[in-house]
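Naming follows writing order (A, B, C and D), and every chain is counted from residue 1.
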Amino acid sequence: MIEQPMMVKICDIIEESSTVKTFFFESNMQFEPGQFVMVWIPLLDEKPFTISYIQNNIFGISVLKRGLFTNALHAKKIGGTIGIRGPYGRGFSLQTNSNLCVIGGGIGMASLSAVIDRLNLTLKVHQGNVTVIQGTRTSAEIIYQKRFKNMNLCTEDGSVGFKGTTVKLFGELLKKQRFKQVFACGPEMMLYKVVELCREYCIECEVSLDRYIKCGFGICGQCDCSGHRVCIDGPVFNMEELSRMEDFGKTIMTKTGERVIY
Amino acid sequence: MIEQPMMVKICDIIEESSTVKTFFFESNMQFEPGQFVMVWIPLLDEKPFTISYIQNNIFGISVLKRGLFTNALHAKKIGGTIGIRGPYGRGFSLQTNSNLCVIGGGIGMASLSAVIDRLNLTLKVHQGNVTVIQGTRTSAEIIYQKRFKNMNLCTEDGSVGFKGTTVKLFGELLKKQRFKQVFACGPEMMLYKVVELCREYCIECEVSLDRYIKCGFGICGQCDCSGHRVCIDGPVFNMEELSRMEDFGKTIMTKTGERVIY
Amino acid sequence: MPNIDLSIKLCNIRLNNPTILASGILGTTKALLKRVAENSAGAVTIKSISVEPREGHKNPTVITFEAGMLNAVGYSNPGVEAAAREFTDLQDVGVPVIASVIGTQKEDFVRVVEGISGLEFSAIEIPLSCPHTPGFGLLAGQGTPQATFEITSAVRRATSLPIFVKLSPNITEICNIAKAAEDAGANAITAVNSMGPGMIINIEAQKPILSFKVGGVTGDALRPIAVRCVYDLYKAIKIPIIGVGGISTGRHAIEMIMAGASVVGIGTGVYYRGVDVFRKVCEEMTQWMQENGFSNINSIVGGAHD
Amino acid sequence: MPNIDLSIKLCNIRLNNPTILASGILGTTKALLKRVAENSAGAVTIKSISVEPREGHKNPTVITFEAGMLNAVGYSNPGVEAAAREFTDLQDVGVPVIASVIGTQKEDFVRVVEGISGLEFSAIEIPLSCPHTPGFGLLAGQGTPQATFEITSAVRRATSLPIFVKLSPNITEICNIAKAAEDAGANAITAVNSMGPGMIINIEAQKPILSFKVGGVTGDALRPIAVRCVYDLYKAIKIPIIGVGGISTGRHAIEMIMAGASVVGIGTGVYYRGVDVFRKVCEEMTQWMQENGFSNINSIVGGAHD
């Protein structure tokens, strides 16, 4: 694990959609699908991003442009440098011999993409198959279109694929298909509903949560979700753990550390 | 290596002579013949002593009663505790298939006794034999009489064995025997003469030097002998090294760090 | 084998064992305090609370190095009103909970103390010693005997709970400050806060890593300094000492207690050994006491003194 | 690959590279200085010399711990007369030799400086900052701006050699003290001396390990504090800085230089990596500069400042 930010060169950039870019860098770090790094831009800030591409010594993070930091990242060019420390967190626990469903809402898809890669690799060898659901507001936001064939797309405006939410599409699929395990990442209300559905259908489920991250290694308490530190105990939690987390789907924690019910 | 003093219990004590006692303790440290430990008596002082017995997990130091610290050590009983850190220093490099000579003057014999044990053990397997010379002022000071059979004893007063110094006896033996290597420890003038004889007879020789030791691990510079730190570069030096050490046989270093010619 | 008793009374607060979660580590929510308590902490301290909410410094706020940790969190906290909502029904936590109260002037300390007065805190800790937050602690001159006396006196008038005054290891005159706190009615001294500040530079970026550039040093690097502070304080004051700084093993805890601490605080140890560092430290202390013939932890307090 | 130049001029003394043996480490004899020089040190400092011989504290005087080293050697030295006999013909050493001069009052500093004035020292370092020797440094109040000004002025009148004033990392007002030294005619600031003091207790013996009980902390634990001191000093003073504290790798050296040091001192690094730590540090610096496109060490001095 790299404890102090290591400056790495951006060796490639892909525009995944109108608002998401993937930045590639070389490193001999070891990552598991679902783990994240803290990305440092000197003098600006440091924020968490999941590793979305794991390829030998080349890794990628897919970044949604939404505020000061991600705007600064999007302004980076090939050859530019960023600081990286990690990997942090506990990733997904992959079962590679079953029928699986991966559900990504918005940029949550980035956290799942390394999972899909890993599953596709191993599913060739083992029995089983993987169903991918990606949901966005509109077609321009869909990412990884070339990377993953046969995704089940859905958009809120119906501009492509199923018209409606990932949860709704997942509900439809559940009527026809039996899944052994579900992996999901996206807005917490979406995750909450996915978990409810999984509980109803007795399907195992793991979700990756999002909380404000400061230290990244379990010391500052900023990322708490009901006594669980998202940065080190998570970000991925299973259904059994989630059932004991009252805050799941109910509160967020602001930058000052205030727990706010939404 | 143990860097901070570890308190060990004295599990046995042998009176080796009127002025020398061996204190045994258990430890899972690893020692090579010629290495030393720093012995700490809390609130009093900390001083260097060579490991004189190496037996599985039981080790011994043989201590000549001569001043404040060694008097306090001699007052210790079985069950008492002392602090130990080490092992420090570079020991003897043993060649176990030759005719060897070990020369101990006074308490210098303590530094050599673990060497003799090791040689006796391995000489059974390999070719070669070991000649031991022990010199003291008088018979009451001779140590390890039961431990080593067939030592060539010498005393200044002639009360036992050869009457005269170890150097003189060594000179006599040299006329009859050919040694491949010599190991010596004792007063520096004795060592100086032994090395001179070895040079004359083209015999390899290693001697263990004595300087005032403070840190024990090569940082404080108190144990300098011509740019060589006795505590870590030594205490054992070979003839080639000694030939480049102008201070050898000529100076001592006082507790204040003054280099005094004697 | 003697029967080991790790329990201890600190200012009439009974603790099952002498390990306390230090302020600023995990103490953001009641749920986290509870988790730490379930991992055998004898007591827990909340992250310091000010009158107004504070976002703290930008990230990076915490960074590790070979010998410990550097942090400049900058006292991020939701402010006293939100804290008063968070820390209700504290008996749920299962062990005593200590409030940590900060302010830029003595009136602020009083306002926070009053704002949480209805809750079930067992004690009030006032850190006058943060080395990296403008307006607070050392950067606001709170680390002098005079300021310590004034702030402590003000808090004393505002609460009947035990008051712990938390001191900096930087200050040469730590004993004078502790005496000022004692004179003002403090019931215990927490020694010490983080040291320095220090700085770590990323040489490829040619920039200090922490956004605030400097931060307080904690962990292994701090331990010998903290032990010396506690040793000196034990001779200088009569009130008990909460020894904090670099403790992550049972041996470390015993060393601190022998220096004169009645109980120990653990912060960076959570990083070194996980949330169950409290359980591990207690187990290691118990085993050491068994092997060395001690049955009662109180009997070793100050044991290293002549 | 750029051609790397590590050479640097410090107060008109030309050094092959910016690594200096710190005072008190190995600097007891000319032979040891020579050995260190043969291991690529750019310059070497002798162990501090007082008027009278001193035996120093009893053993244990030096002890290591996870994060560094603790020492209370207590300024053992043979006194100025014997030192003047030891350090003759210093050109034999092969690199510039810095004298370290201590005293309990300013007249002592002057006497030592005069006693060695006939020798070939390249500079005089005066440490006003030892945290563990009664009569000297911090324990004698030498670490104030006032005392620093007076002692430095006295030494200034006694010698035309460059004067380095060595400061403690403990003091919050380090910049004021450095300015006082600068005003009094110092040519460089050495920052820093050992920190603390700290204490390590052997819990089985129930006693502090060092015979003087407390000692100065050096090594890894000190580095972030030393880097911060140098960073602050770089903004406050105009004379060059010798950065000392926890340096044992090329990366550490570059970090210190980016903070603002012109050259670096190495002490505890000799323990971490052997007498050839100087060679290793130089090699690592060279390699880093090559990989990162720097050719001249001077160009990175203070590089971490905005």
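The rule is simple: a contact is a pair of C-beta atoms (placed from the backbone, for glycine too) under 8 Å apart; a residue touches a chain by one contact, two chains touch by 3 or more.
Bear in mind the structure is a predicted one, so any value in this text is a computation, not a measurement.
Note on connectivity: the fewest steps through touching chains from chain A to chain B is 3. Of all chains, the one whose Cα centroid sits at the greatest distance from that of chain B is A. Our note on geometry: chain B versus chain C, Cα centroid distance of 51 Å, whole angstroms. For the pair chain A and chain C, the distance between mean C-alpha positions equals 36 Å. Among the residues of chain A, none is in touch with two or more other chains. Counting partners per residue, chain D has 65, 200, 204, 207 as the residues that reach two or more other chains.
Viewed as a contact network, the protein chains form an open path, each link joining two chains that touch.
Here, these are the chain pairs in contact: A-C, B-D, C-D.
Those residues of chain D lying in contact with chain B across their complex are 24-29, 31-32, 34-35, 47, 53-56, 58-65, 69, 71, 73, 76-79, 82, 86, 200, 202, 204-205, 207, 209, 211, 267-268, 270-271, 274-275. In the complex of the two chains, the chain D residues touching chain C come out as 65-68, 70, 138, 170-172, 195-201, 203-204, 206-208, 213-214, 217, 219-225, 227-228, 231, 246, 251, 254-255, 258-259, 288, 292, 300, 303-304. Note for the complex: chain B touches chain D at residues 3-7, 38, 40, 42-47, 81, 83, 214-215, 217-222, 224, 226-229, 247, 253-259.
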